[in-house]
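My structure is below; once you've seen it, I'll send some questions.
Letters are used for the chains, namely A, B, C, D, E and F, taken in the order the chains are written, and counting of residues starts over at 1 for each.
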Amino acid sequence: MPYVNIRITNEGVTKEQKQALIKGATDLLVDVLGKNPSTTVVVIDEVETDNWGVAGEQVTELRKKSS
Amino acid sequence: MPYVNIRITNEGVTKEQKQALIKGATDLLVDVLGKNPSTTVVVIDEVETDNWGVAGEQVTELRKKSS
Amino acid sequence: MPYVNIRITNEGVTKEQKQALIKGATDLLVDVLGKNPSTTVVVIDEVETDNWGVAGEQVTELRKKSS
Amino acid sequence: MPYVNIRITNEGVTKEQKQALIKGATDLLVDVLGKNPSTTVVVIDEVETDNWGVAGEQVTELRKKSS
Amino acid sequence: MPYVNIRITNEGVTKEQKQALIKGATDLLVDVLGKNPSTTVVVIDEVETDNWGVAGEQVTELRKKSS
Amino acid sequence: MPYVNIRITNEGVTKEQKQALIKGATDLLVDVLGKNPSTTVVVIDEVETDNWGVAGEQVTELRKKSS
């Protein structure tokens, strides 16, 4: 009965990509630990780039610099 | 000074239902552990059904199958 | 399929109290939102009092002052 | 490689204030623990006032009473 | 720069299994979303079975019933 | 009434360092957002280096390579 929380920046992730993350994380728990998939929960949080910081800077600004 | 985080799918929860969750969770901590309600915090996260998976499938799809 | 995370200080909570928290939180989601209890998950985190702060102070120190 | 999650109510926080939170939290980990800023992650969650409760009441209602 | 939190019950997970979870979750984010692995963080929380509830019951008790 | 969760690896953080993190994070919220310190909560989670991964590797192994 694992719980997996995937936090990513909100940058146009499609419904199909979310489905692939959910399926992949569930399979990972089944394959590595033999967990029951029917009680494995995956929750994806999409976070605005203004609200996510790395190295003391907002991702919004990091994206501008790297583009 | 407990912190309670309730994560649910975003499916039309009303303000009154949220108030009932907040009151109920606070009362639970007071009743079971004798915690001080004034420093008990409850935070509700509403998650899109595309972003919540069980058994490797998005809740969006599970809802279609069960309807 | 809600997920409830209860974070409390590690101060001698018994197994029976934990069971009461799990039962109470599950019942709350069933009563208020009509959720299915069989897929309702409750996780309790017990945090050392040195690691929990309120008003800028460790709970370890707050406990000494209030005793 | 610390991870800092700051959860606040959604009440008009500006981009500049978010940047100040990200910078301040990163500096704190560098100053106190000597962590590498380049792998320090800060994520800010803004939560609706209907979804945040203290003392068993929604912040939405607490704001009305205190105004 | 994703952050993945995997929460499982504390039931004898080995160091090698943890490594497989970390590698698998990182690869998943790289494969599905093209994320940079060097800033992908995975944190595993092992939770005591007394502290994890499903269907209103502690996993400790559920394990006894199913054995 | 902010909630700040600081997650770090469990590598000999002292009680005084934890107090400095709690004080610093609380001051940050007061200074940047004018929050009330008395309802600002800071929780520090110390995670074993086997349970923390970056770039697909356990911190335990990364530490060996860099030493």
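Convention: a residue touches a chain if its C-beta (ideal position, glycine included) is under 8 Å from a C-beta of that chain, and two chains touch if they have at least 3 such contacts.
Treat the numbers as computed from the prediction; the structure is a model and nothing was measured.
Novice: Chains in contact with chain B and with chain D: which ones?
Specialist: Where chain B and chain D share a partner, that partner set is A, F.
Novice: Which chain's mean C-alpha position is the greatest distance from chain F's?
Specialist: B
Novice: Identify which chain pair among B-C, A-E or B-D reproduces the interface of C-F, meaning that over half of its contact pairs, matched by residue number, are the same.
Specialist: The chain pair with the recurring interface is B-D.
Novice: Could you quickly compare A-B and A-C and let me know which has more C-beta contacts?
Specialist: More C-beta contacts join the chains of A-B.
Novice: Is it true that over half of the residue numbers where chain B touches chain C are used by both copies, so same, or is it different?
Specialist: same
Novice: Give the rotation angle, in degrees and rounded to the nearest 5, that superposes the C-alpha atoms of chain A onto those of its identical copy chain E.
Specialist: 180
Novice: Taking each chain's centre as the mean of its C-alpha atoms, give the chain farthest from chain E.
Specialist: Greatest centre separation from chain E goes to chain D.
Novice: Averaging over Cα atoms per chain, report the distance between chain D and chain F in Å.
Specialist: 14
Novice: Just the number, please: Cα centre separation of chain E and chain F in whole Å.
Specialist: From the centre of chain E to the centre of chain F is 20 Å.
Novice: Please compute the C-alpha centroid of chain D, do the same for chain E, then give the distance between them in whole Å.
Specialist: The answer is 26 Å.
Novice: Give the residues of chain A that touch two or more other chains, as numbers and ranges in rising order.
Specialist: Expected reply: 1, 3, 7, 25, 39, 41, 43, 52, 54.
Novice: Taking all chains into account, which pairs touch?
Specialist: Chains touch in the following pairs: A-B, A-C, A-D, A-E, B-C, B-D, B-F, C-E, C-F, D-E, D-F, E-F.
Novice: Spell out the part of chain F that touches chain B in their complex, as residue ranges.
Specialist: 1, 3, 39, 41, 43
Novice: What does chain C use to touch chain F in their complex?
Specialist: Checking each residue of chain C against chain F gives 7, 47, 50-58, 60-61.
Novice: Note which residues of chain B are touching chain C in the complex, please.
Specialist: It is residues 1-9, 13, 17, 20-21, 24-25, 28-29, 31-33, 35, 39, 52, 54, 59 of chain B that touch chain C.
Novice: Any idea which chain F residues touch chain C in the complex?
Specialist: 15, 18-19, 22-23, 25-27, 37-46
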